[in-house]
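First chain written, first letter: the chains are A, B, C and D, and each begins at residue 1.
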Amino acid sequence: MQLSNNKKKIINDPVYGFVKIPSDLIYDLIEHPYFQRLRRIKQLGLTNLVYPGALHTRFQHVIGAMSLTVQAIEILKGKGIDITDEEKDAVCAAVLLHDMGHGPFSHALEHVLIKDVDHEIISLAFMNSLNIEMNGKLDLCISIFKNEYKKKFLHQLVSSQLDMDRLDYLRRDSFYTGVQEGVIGHDRIINMLNVSDDEMVIEEKGIYSIEKFLIARRLMYWQVYLHKTVIAAETLLVKILERASMLAESGNELFASPAFYYFLYNKPDKKAFLLNDDVLNIYSELDDFDITNSIKVWCNHEDKILSELCKMLRDRKLSRIEIQSQKFDEGRIAELLKVTAIKKQIALADAHYFVFTDSVKNEAYSLDGFNIKVLYKDGKTLDIANASDQYNITALANTVTKYFLCYPKNL
Amino acid sequence: MQLSNNKKKIINDPVYGFVKIPSDLIYDLIEHPYFQRLRRIKQLGLTNLVYPGALHTRFQHVIGAMSLTVQAIEILKGKGIDITDEEKDAVCAAVLLHDMGHGPFSHALEHVLIKDVDHEIISLAFMNSLNIEMNGKLDLCISIFKNEYKKKFLHQLVSSQLDMDRLDYLRRDSFYTGVQEGVIGHDRIINMLNVSDDEMVIEEKGIYSIEKFLIARRLMYWQVYLHKTVIAAETLLVKILERASMLAESGNELFASPAFYYFLYNKPDKKAFLLNDDVLNIYSELDDFDITNSIKVWCNHEDKILSELCKMLRDRKLSRIEIQSQKFDEGRIAELLKVTAIKKQIALADAHYFVFTDSVKNEAYSLDGFNIKVLYKDGKTLDIANASDQYNITALANTVTKYFLCYPKNL
Amino acid sequence: MQLSNNKKKIINDPVYGFVKIPSDLIYDLIEHPYFQRLRRIKQLGLTNLVYPGALHTRFQHVIGAMSLTVQAIEILKGKGIDITDEEKDAVCAAVLLHDMGHGPFSHALEHVLIKDVDHEIISLAFMNSLNIEMNGKLDLCISIFKNEYKKKFLHQLVSSQLDMDRLDYLRRDSFYTGVQEGVIGHDRIINMLNVSDDEMVIEEKGIYSIEKFLIARRLMYWQVYLHKTVIAAETLLVKILERASMLAESGNELFASPAFYYFLYNKPDKKAFLLNDDVLNIYSELDDFDITNSIKVWCNHEDKILSELCKMLRDRKLSRIEIQSQKFDEGRIAELLKVTAIKKQIALADAHYFVFTDSVKNEAYSLDGFNIKVLYKDGKTLDIANASDQYNITALANTVTKYFLCYPKNL
Amino acid sequence: MQLSNNKKKIINDPVYGFVKIPSDLIYDLIEHPYFQRLRRIKQLGLTNLVYPGALHTRFQHVIGAMSLTVQAIEILKGKGIDITDEEKDAVCAAVLLHDMGHGPFSHALEHVLIKDVDHEIISLAFMNSLNIEMNGKLDLCISIFKNEYKKKFLHQLVSSQLDMDRLDYLRRDSFYTGVQEGVIGHDRIINMLNVSDDEMVIEEKGIYSIEKFLIARRLMYWQVYLHKTVIAAETLLVKILERASMLAESGNELFASPAFYYFLYNKPDKKAFLLNDDVLNIYSELDDFDITNSIKVWCNHEDKILSELCKMLRDRKLSRIEIQSQKFDEGRIAELLKVTAIKKQIALADAHYFVFTDSVKNEAYSLDGFNIKVLYKDGKTLDIANASDQYNITALANTVTKYFLCYPKNL
């Protein structure tokens, strides 16, 4: 972040150019250690093993999303929508903080170490903690975040099927992976936003851009976020944490920073997060660096399974992975487990660290909940699934499920 | 074009960077006056009245398409497909020449002045003429262009639902209009090309890119090529040519370059093009500059209708245009014609120059003819409409028709 | 230009994305036929013969410059500089109109047809004419343009060594030619603008960006604007106009639109422009299309010299050109003239149409007049030539002169 | 890295698009754990604290430089320069491995932990080790790297004032920081490369591009690499390592991964690196994650100085820094040290951790050693400092030194 001394605050962003910090509140939030921690959490976890450029952080993402929010609010105000400066500030803060609860490699962590704790709950815990520190300055922000504020469309800027979060991450992930498929006309979409009946809507002229946005998002899912090598890497990380967790439970000593150690050996649950400020504080010390550093050290751990899994990740010697629309055959899996146990000289009961199957799913457009509405010139609105006469958006609403099977390369 | 003296021929292209001219044959074709004429024909006709940057020419487009062809051929050869140097040269030449028959503002011209003559027929006439001049060097090129050559996939690079022409124009039109919706992963698509059973196919991994390509093309149609203001401008041009043509028939003198004059006053048909070399030669002298210059001069013509139509185009005071999925009401049109005749003090029979309706249509994917096929790892191929388990490409195969109605702004 | 019905006026620009039209005054100016004419005048004349993408128009350029002006004014206001809405509008109008006097291929035209008339004088004539039509709404704009307004820094946004004109054209010409050398950090420069003592200054942190800007401009001169093939083409156009002009004087009939005809046969001088509104009106009908169309027709003119010169341009068979730091040897030129006369079977006195020498010059930074000043944190300012301790900007202030010699390729 | 199963190896690079892996040797090198380690070492150390996007790794950089090398070699071969496939492979390998010796935050590390060991020595040690493992396949690569091979120009592609390393890092750092000033015409430069008298030269037409390249590099130095906030962060890291090192020497226990621990407590010298394979192996386990993770843990260390320094870095609460052309006044420094000691309640002898001065220097073009030579059409070559008649490149050869002073913000 490049801030000139005289408080004309500007952040250099390779995606949008110069991003201005719109207010002192936003500035203070960005300066807070809780927020600076997002500099150390990659937006796309292990995706860089497939797309080496995908090293951007949640810090960059939320600042980008905040900058789109400022743009959107100015467009809406230009169209006569009433938004006060205080509301603007609060929405920007909400966009900035909505992802704060993310831990390092969230997906893997949420599978093993903080099992029943959703990152949005932790985001809220952070907001509440900051709000106390800031003497209630975040009251409105929290109210919008929780969708308790009267102007519902403000919440939709923060969280909906067309929120600033999605607009930014598609654009940004596309930029850093180099996958042009994700480039969307975010400028055009933002210019076409409007509010009708207290709901965010898109003007009729923007209908094709929305369709393209939904398609782009779907394609980014299959091409990047759920790319099969990414899945192989992320499930490997889950297996590593499972093994480490098991070893921790059995009293083995594992190299870990104090923060990581706490989570490995204590596994706090949702209640602990909500009731105990210390847990939140320890969590705030945890980032990509703790996990990756431990994995590197564990490559030399005496537990053969742990060290082998860790080396596979460190040196990018990933499992073979197959992906298909149907479940994999049980018999084949059993056979693979058996062969693996023999080959690696481990117990059959441990072979599941190397051979496993699971599924991923994605739906491009959700028909329930906050649908995207199109605003016509006559003032009427229509769900985009019904509005678009050229294309069957309903088809995008099908949940697509894919099954994958991982197993060692040289069986 | 920037050519260094020592025959290392390079063209500077803002879209792809440096484009290399692959051979002497290609160099000689580019240097030919028939080809240089394409520098004076805009790729997108009057689209620049909506997107001011859309001034790129057919010259730039075919050179871009040729450069993608070179890339595609190298990828295919790297995959073991047998393509000789002579074949490579011939395909590149075919791509380079396939659009040569386009006249200025083709759409309008083909409606009025060269009514039954398709631009592909004229392209072929140009190729034959060049082939004579070049002593048969274009034999193979012409054979591929006419799809008479044994290796059918070479023709598909020139003309199919996934040809280099489309890959280039989507990318290029997107660049010059600034409409990001048209950006496609052309690199990725080209990398995924393969040949199976003498047909161009796309490898399984490229399936999402193709889907995105089809969507991008469809969106570019509605957002750019068939943008309603573009339709208003292009139909206005048709009306101008109709009026001028009628005046010419009635013996009125109109300012025009000799080439344009010939077409206005003689209206050669298909036979004339094929049998009479002079017609082709005169046609080769016709470009955007003749038409636009005449229109500007006609702004001061004594025929009130012609001069008003011309001023509307020159000064970008276009008609109002409505667009919808159903035909427009006959009664309403009759009423508009009547009011216009009165308001403009012209005969009712002439009101159709200012009030008219017609339709445009587009289908994103055609199910008949050369479908796009997906190649699986086991060597099987499948039409993409059946292959893509995530999405209903069949939906894209529906022809979408839209009706429009133009009438003066201040009735 | 894409303007939505409901007056939210937006222009799609591939360089900056969406450009907003800031006010009704600006909107009305853009809609005026005088301004729409700029759509038909290329920014870089014949440069597209070397860089095929360089087809952008003066229309696009001045709208881009206007958009940078809006940005600059907002930055300055954010720093506490007092600029009223009326002043903002007037500066924007001045930037928009400052190039309006440009004719087609200005350089060539100013050499032959409107010999002593600077384009700035014609711009002013247009402004005065528009001002009468608009009942004095352009008073302030004209005052700023003529540098008669009290706030001198407003004029510097319109015209100085760091004006919005230069920032836009470097960025834009770089974009359309594909020459990355011209890319400048215009965002950064604009962010570093400030006002001190009623003068535009650049803050200390922007010093490197300015240096880079001066270098980029110098390189664009030698690589693009004064590229030797561009010089060959533009001097060829001068020769064509000279020959046509001579033929006109001798009573020969030449194909030309009425507007072009008027200038060819009457050659109005400065006084005519200033005193006679008709001349301005005829001039407003003249653009690239008139000139190019005539040249194409003249390819078949019976005057051998004219037709050959025109074919050279139309078919891009340009002269050989040599360029060097010293004047060319008189003896060699005489010899070339003689050989050319023989070879082409023309009079020696006419050989100068094919063999000629002249010079071009450029200085990257001018030491006299409105220098670029750097503002230090202590409030002091210094000319950048003295300020930059790393680099000798004074060196950039040297005028570089190069001599060129053109002659037929196959002597 | 995205590798398709069938060995058509491609890496997705957001800067250049698809990068092809040219041979099996290169593929095997990239797959080696020594090389994969470069994924965990950022190219620009702590620069992301100023430019948040600057998170790209040495892995990406050397692959980019390798890809430019392939391009350059193909251009040179096209100009008739004799380069065998084996030589091509060896140069590519040398470019790929030339930076392998870099440790995390090299600058800081080389100041404190591996004091007299240059990263090039370690690169060579890695190459030798790999060469043994690969049975001499890197013989030619090492010979070129050490400039012992007969064709000197091959070494110049790896290391010179115009090597592929510089071309890539300027382009790449510019992309990731968003500082457009660093964009260079690398395509153009590579196209203008040639070989004369066994030396890499640039053809006359490329002279402006080189000038621009030198300026761009100089500006990137002052705007990015030596940006004052970057200096503040990097010197802070040096201070942290100094303090940790001192504590280690005094027998304090510090949290560190085994690899980092080894370097903190043993400080191996050059001899150790060269003679002891274990040191190289331990070094290969050290990357950004070890250092950053320790610093985060040390924030809670009982040593007040260490913990405060670490918090400053973690939370981005950096020192104030002043920068100027002259040395700072001794008296002022002494005073700052005294005030700091009092304010922070530490010994005066320890105040130097918070208050310190040093200098940075840069020269844009070096006049000694491998100068950049320009090749004229007549075959002569000239040092660019003498060749460029437009500009005084000699001025760029001056070493610019700047002094900086860091001290706590709230004294």
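Criterion: a residue touches a chain if its C-beta (ideal position, glycine included) is under 8 Å from a C-beta of that chain, and two chains touch if they have at least 3 such contacts.
No experiment lies behind these values; they were computed from the predicted model shown.
For the pair subunit B and subunit D, chains touching both partners: A, C. Contact count check for C-D and A-C (C-beta pairs in contact): higher for C-D. Averaged Cα coordinates give subunit A a centre that lies 32 Å from the centre of subunit D. Taking the mean of the C-alpha atoms as each chain's centre, subunit C and subunit D sit 43 Å apart.
Centre-to-centre separation between subunit A and subunit C, using Cα means, comes to 49 Å. The set of subunit A residues touching two or more other chains comprises 17, 179, 187-188. By the touch rule above, subunit D contacts subunit C in their complex via residues 179-181, 183-185, 187-188, 208-209, 211-212, 215-216, 218-219, 222-223, 325, 389-392, 395-396, 400. Of all residues in subunit A, those touching subunit C in their complex are 4, 8, 10, 17-18, 78-79, 187-188, 191, 205. Within the complex, the subunit B residues that touch subunit C are 1-2, 11-15, 17, 31, 33, 36, 39-40, 48-53, 55-57, 59-60, 63, 175-179, 229, 255, 257-258, 285, 287-290, 292-293, 296-297, 300, 314-316.
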